[in-house]
Amino acid sequence: MTELMPAEGVFSLIWLLIALPLAGAIVLLFGGRRTNSWGPYLGVLTVSASAVLGVLMLLGLLDRPAEERTVEQTLFTWVFVGDFQADMAFQLDQLSMVFVLLITIVGALIHVYSLGYMAHDPDRRKFFGYLNLFVAAMLLLVLANNYLLVYVGWEGVGLASFLLIGFWQAKPSAAAAAKKAFIINRVGDVGLSLAIMLMFVTFGSVSFDDVFRSTSEASEGTLTAIGLLLLLAAAGKSAQFPLQAWLLDAMEGPTPVSALIHAATMVTAGVYLIVRSNAIYNAAVWAATAVVIVGLITIFMGAIIGSAKDDIKKSLAGSTMSQIGYMIFAAGLGPIGYVFAIFHLLTHGVFKAGLFLGAGSVMHGMNDNVNMRRYGALKGLMVITFITFMAGYLAIIGIPPFSGFWSKDEIIHAAFERNAFIGIATILAAGITGFYMTRMIAMTFFGKPRWEEGVHPHESPAVMTIPLIILALGSTFMGMALLFWGNIESWLEPVTGFASEPTPLPTMFYIGVTLVVVIIGAVIGWITYGVKPVPIDPPHGSWLTRAARKDLYGDAVNDVLVVQPSLATARYLSWFDDKGIDGFVNGIARWVGLLANTLRRTQSGLVRSYALSMVGGVFVVVLALLLVRMN
Amino acid sequence: MNEVIEPNLGETLVFWICGGLAVVGALGMVISRKAVHSALWIALTMINLAILYVANSAPFLGMVQVVVYTGAVMMLFLFVLMVVGVDSSDSLIETIKGQRVAALLLGVGLTIMLVAGLGAGLSGAGTIGLDAANAADGGNVQGLARLMFSDYIIAFQATGALLITAAVGAMVLTHREYWQPRKSQRELSQDRFTDGGHPGNKPSPGVYARHNAVDTPALLPDGSTSAISIPAPLRARDDARAIDVNDITNVRRLTEGESE
Amino acid sequence: MSGSQFGLFGNDPWWLVIGKSVAVFGLLVLLTLFTIWWERRVVSRMQNRIGPNRVGPFGLLQSLMDGFKLAFKEEILPKSAHVGVYWIAPVISATAAFVAFAVIPFGPTVSIFGVETPLQLTDFPVSVLYVLAIASIGVYGLVLAGWASGSTYPLLGGLRSTAQVISYEIAMGLSFVGVFLYAGSMSTSEIVIAQEPIWYAVILLPSFLIYVTSMVGETNRAPFDLPEAEGELVGGFHTEYSSLKFALFFLAEYINMVTVSALATTLFLGGYLAPWPLSLWESANTGWWPVLWWLIKVQLFIFLFIWLRATLPRMRYDQFMKFGWKILIPISIVWIFIIAIARLFRDSVSVTNTQLLVGGAIVIAVLLIGSWLFQLRADKRDAAAELELDERRARPFDANAGGYPVPPLPGERFEYTSRRAMAAGTVATTTVAVAAPETTNEEAPDA
Amino acid sequence: MNPSNYILLSAVLFSIGAIGVLVRRNAIIVFMSVELMLNAANLSFVTFARMNGNLDGQVVAFFVMVVAAAEVVIGLAIIVTIFRTRRSASIDEPSLLKY
């Protein structure tokens, strides 16, 4: 563990990182209609200012030696109950730093994009308010120096996610999706809160510093429990198996929201949590293994769902699930994987944001139609969108030198170092990625136009395309930049630890195999959807396709396992409440009523009869006194 | 301070006379059927209690007792009695079943118990007397004043606030809202004349007449009778006394004689 | 009670106590007889008449003769009277009047048949309160007389006297406070002695004036003689009384006059102490001389009573009450504040009399200017209120303001609006004025 | 004579007052009975002051008088108000207040 440095110089402004978007949110949400005209610009401004501040802090950190890069700022003691104490304190280290940059820069870009995308929405101001609220909460999550404060940010992003998914709450599907996301997230939140309680009981503190310092004092069982609970939390927030069901429905929200929250930032909070808690997982092998398993399952679930969906956003959402599965998976590999989890998180944040925004741009041109079977042949009409989308495409399937290649390849590499079986599985998943992304490209930009009547595809305005271009550039070069110039491994090493294990097979071997598998997947995709004409009505498909279209029966499983039992229990409890408890209570009430009916005769309203009782009381009291005295 | 002062013969006499009168007054208050009689009886009790206070080395309290209770409180009672006109005797039939018997039993029982208990408890109690306590400040009034304005200053202030509140409360309770401002004397007299009514005093019955009974209408200068000179109830019952025709002619003759 | 401060009180031999009591009784009866004659003479002179002049020298025996006549008149007992109370009322009245005089000092210590004794029946630490207490018992006579007569006018008279006594006793008590503060005692003899340097009427002038005013109210004398206002209540509380019982009321009234005059003398005019030029004479305050000074002072007050009766018309009842509650009591309270503060300053801060006077002058000036400004503001506010009322009167009253039926506010006239007509759209309103009922003269002349 | 006789007298008066409260129906007389009970208590206070050679008892009695005066003012005002509406001073009359 590195020393905590006091916040000086530019770091004394850490609080401002959060305060700026929070202030923006407050002004926008409470300012009322008078902020309608300038509100969105304020929203963009606050996030951009935070981004600038983040960059300044990055420079500040770079100026310091590696072991002095953990800065702590304590504002005030927030909670103090008995032994329990939690500060309103922030910790900026290498890990937080990359998150801050990702959140603020991608956030700022998406804010700018939203200016165009939401230009005609009557509730634009509210939208930007929520976005700002989200950014503030997310920054709080990654900057907190203790789990309790993390929890605040955790809930804050959950709230923002809920509000934004249900932004068009007039649509029943959006409202339902928002509720679904909220409820499934609660399950994960319970995990986090239990983990925090367990930590307090075990370590007597919830701050990162104290907890990580004293992991050796706790038994492995306790640590495993904490790790599994944290995994539950991460699964909820990051849409990992078995809590994955909400993410696909979350696409009901506006596309910039999908890009920012449900692709780039919030859904990666689970990865952050696991990487942040690396000290716990390092000491709890079984918990780490569980993380690997969950990640692996999700990789395949997401990929399969992504392959079957015709809705461009849902397909991308499946892809997101799959990619986050990669990250979780990597995080579960231990010190060897943490860095790559974060590395992939960063690259994914950029290229997936680009892909989502590109999808949004396509939808913008297609009258908000999301059905890919109604697209086709858009490459000539939406040149910028097409090119930027291609950059994201190449990045996600992992073609060198695009950024996804570097990060994904490292994860596969790490997987092989742990276990050949899971290594092969990840390569297979990379192949599926190639398939569904090619399918998406082919259905959207190539082939014949299958547009609905009255649709006139057109390129989006500059305010939307410029963020796209920036993100495309990021998709292209960021991987290389981080790996070679930014040296991400040694940058994160003080936080995550890094174990360079001997490599049984040469690196180039994995790269080659992976590339071959990816290209095979892409070719299959191209043959199926690029060469053959795409039917407007989806074909019946195999059982796997049908299952994938139904999110691999995620909802059905939830329904059978959770919803129906809950409803049955609720029905039974309601019956019991009605007959049992109410009956009991009503019975008492009836008896009391009968008693009161007899007793009320004494309440005649006649003052004198009351006075008589009083004098009687005095008589008795005096009598008692006398008797006591006599004896 | 510890020396026990034995009350003298005079005080014993005062106690038995005034105490007896006080009990008589209290019983009279409870028994009297008329509220005003009750008030008088209790006033008697209070005055006798005042004398007992004086006998008990509390001259100031004795005087305050008379001024406050007899002079103000009971006077207020009498005032209210007269205002609300509760003049008639109360019915002495008890309406609550068993109330009277229970009350008497309880009351008598309480008396016996208290007297017995207190008598037994206090039989050996000595009396220190207040001479020393009074002398400390130069007198009873001064002693009371010192206590009241030092140890009991908060209670004193609180009772002051209570009195003010009570006064305001009584005004609020008995206040009647006037929908229109009360007419001043000036407005009343203006109304009286502008309405075309009879401006002056009404003619008294019997003016210019041989009789001065109320049912005798006054005679106007022309010899006719004035209906408004007899009270309305009499007029309503048609009870006006007939006028002797001779009287009218006499009057007419008189007036004509004067005019000639 | 018989502490060191009242050394000579309570130590008289029994025969001297009886002697003093008889003397006080005789003095009071004589003073009553004299005062009645004196009043009639003075009032007559003031009304350009001569007054009683037939019986005895200057008609001096006139009141005695009247007393005899009263005693021999027929007793009338009204049928509806409550007998016991009817009998006891005049007794209470007269007894209280006599008893109150017990604590009035006539003179300093003198020697009577070789016994050194003060010229005062008795005295104790709270004797001024005693006078108040007895006065409040005396009112019972009036109230009960009013009630027991079983007739309307006496009842009204009794009611009035209740309210009157309660109201004016407060002002009276408050006027005593200043005296108590300065004398440091509630005992009459000590208060008199405390006035040796200067009379309290001089330094406590407001208290004195308030006392003089309230003593007139307390004794039911003109212009505050509302309980027996002849024009309104026939004879007030004693309407139904005749013969000796009436005489007792009469006696009580005059003794009360003497008592309150004596109390005023005691509290404010230095009691039996000789007035200024006379006090230069060494032996003016010794021996029996002081009794003379005392008598003269009391007679001055009685003359004041007579003078008031002869000159002032009776007040209206509500004005009278307003005067007591809204003028006398507030002024008393403010005045007590002032003297308390002045005492505080004199005792705790070394302030010279000049400074005190200057300060007082400033306070009074501020009060005057303040009240003038206050009055100006009040006038302005009244004018504004009047204007607003006029405006409201001019505005038609909307009985369904805001869709809810509302009663008219003061100054508004209720106009009945037909709902059906409103529904039909023709807002034809019939106007029914529900203003104050017209004072129709039912007894309009029909001849 | 022992001053505790005053206490006994006070007890007797108190009981008579209590009986008055219980048996009389005229609100004003009930009120007077309450005053009698207060007076009885006062007599005890004054006697206790004398027996203990300290003036606090008299001060308490004084305060009782003040509070009683305030109470009478309000009580009578209430009686007058009730009388105005119900034309009766019977204490059984306002029994409808129980609802």
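Chains here go by letter, A, B, C and D, matching the order in which they are written, and residues are numbered from 1 within each.
By our rule, a contact is a pair of C-beta atoms (placed from the backbone, for glycine too) under 8 Å apart; a residue touches a chain by one contact, two chains touch by 3 or more.
The shown structure was predicted, so the numbers you read here are calculated from the model rather than taken from an experiment.
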**Asked** Relative to the centroid of every protein C-alpha atom displayed, which chain's own C-alpha centroid is closest?
**Response** D
**Message:** Based only on mean CA positions, could you tell me how far chain B sits from chain C in angstrom?
**Reply:** 18
**Fill in**
Chain centres from averaged Cα atoms put chain A and chain D apart, in whole Å, by 75
**Prompt:** Where the CA atoms of chain A average out and where those of chain B average out, how many Å apart are those spots?
**Reply:** 85
**Item:** Separation of chain A from chain C, taking each centre as the mean of its C-alpha atoms, in whole Å
**Value:** 90
**Item:** Multi-partner residues of chain A (each touching 2 or more other chains)
**Value:** 604, 606, 608, 612, 615, 618
**chain C residues counted as touching two or more neighbouring chains** = none
**Request:** Indicate the residues of chain B shared as contacts by at least two other chains.
**Result:** 57, 60, 64, 72, 76, 83, 96, 99, 102-103, 106-107, 110, 114, 134, 140
**Touching pairs - complete list by chain label** = A-B, A-D, B-C, B-D
**Complete:** In the complex, chain B touches chain D at residues 1, 7, 11-12, 15, 19, 22-23, 26-27, 29-30, 35, 38-39, 42, 45-46, 49, 52-53, 56-58, 60-61, 64-65, 68-69, 72-73, 76-77, 80-81, 83-84, 86, 90-91, 94-96, 99-100, 102-104, 106-108, 110-111, 114-115, 118-119, 122-123, 125-130, 132-134, 140, 143-144, 147-148, 151-152, 155-156, 159, 162-163, 165-167, 169-170, 173-174
**Item:** Residue numbers on chain B that touch chain A, as the complex places them
**Value:** 96, 99, 102-103, 106-107, 109-110, 113-114, 116-117, 121
**Prompt:** For the complex, which residues does chain A have touching chain D?
**Reply:** 603-608, 611-612, 615, 618
**Item:** chain A residues touching chain B - in the complex, by the definition given at the top
**Value:** 604, 606, 608-609, 612, 615-616, 618-619, 622-623, 625-626, 629
**Fill in**
So, in the complex, the side of chain D touching chain A is made of residues 18, 21-23, 25, 30, 91-92, 94-99
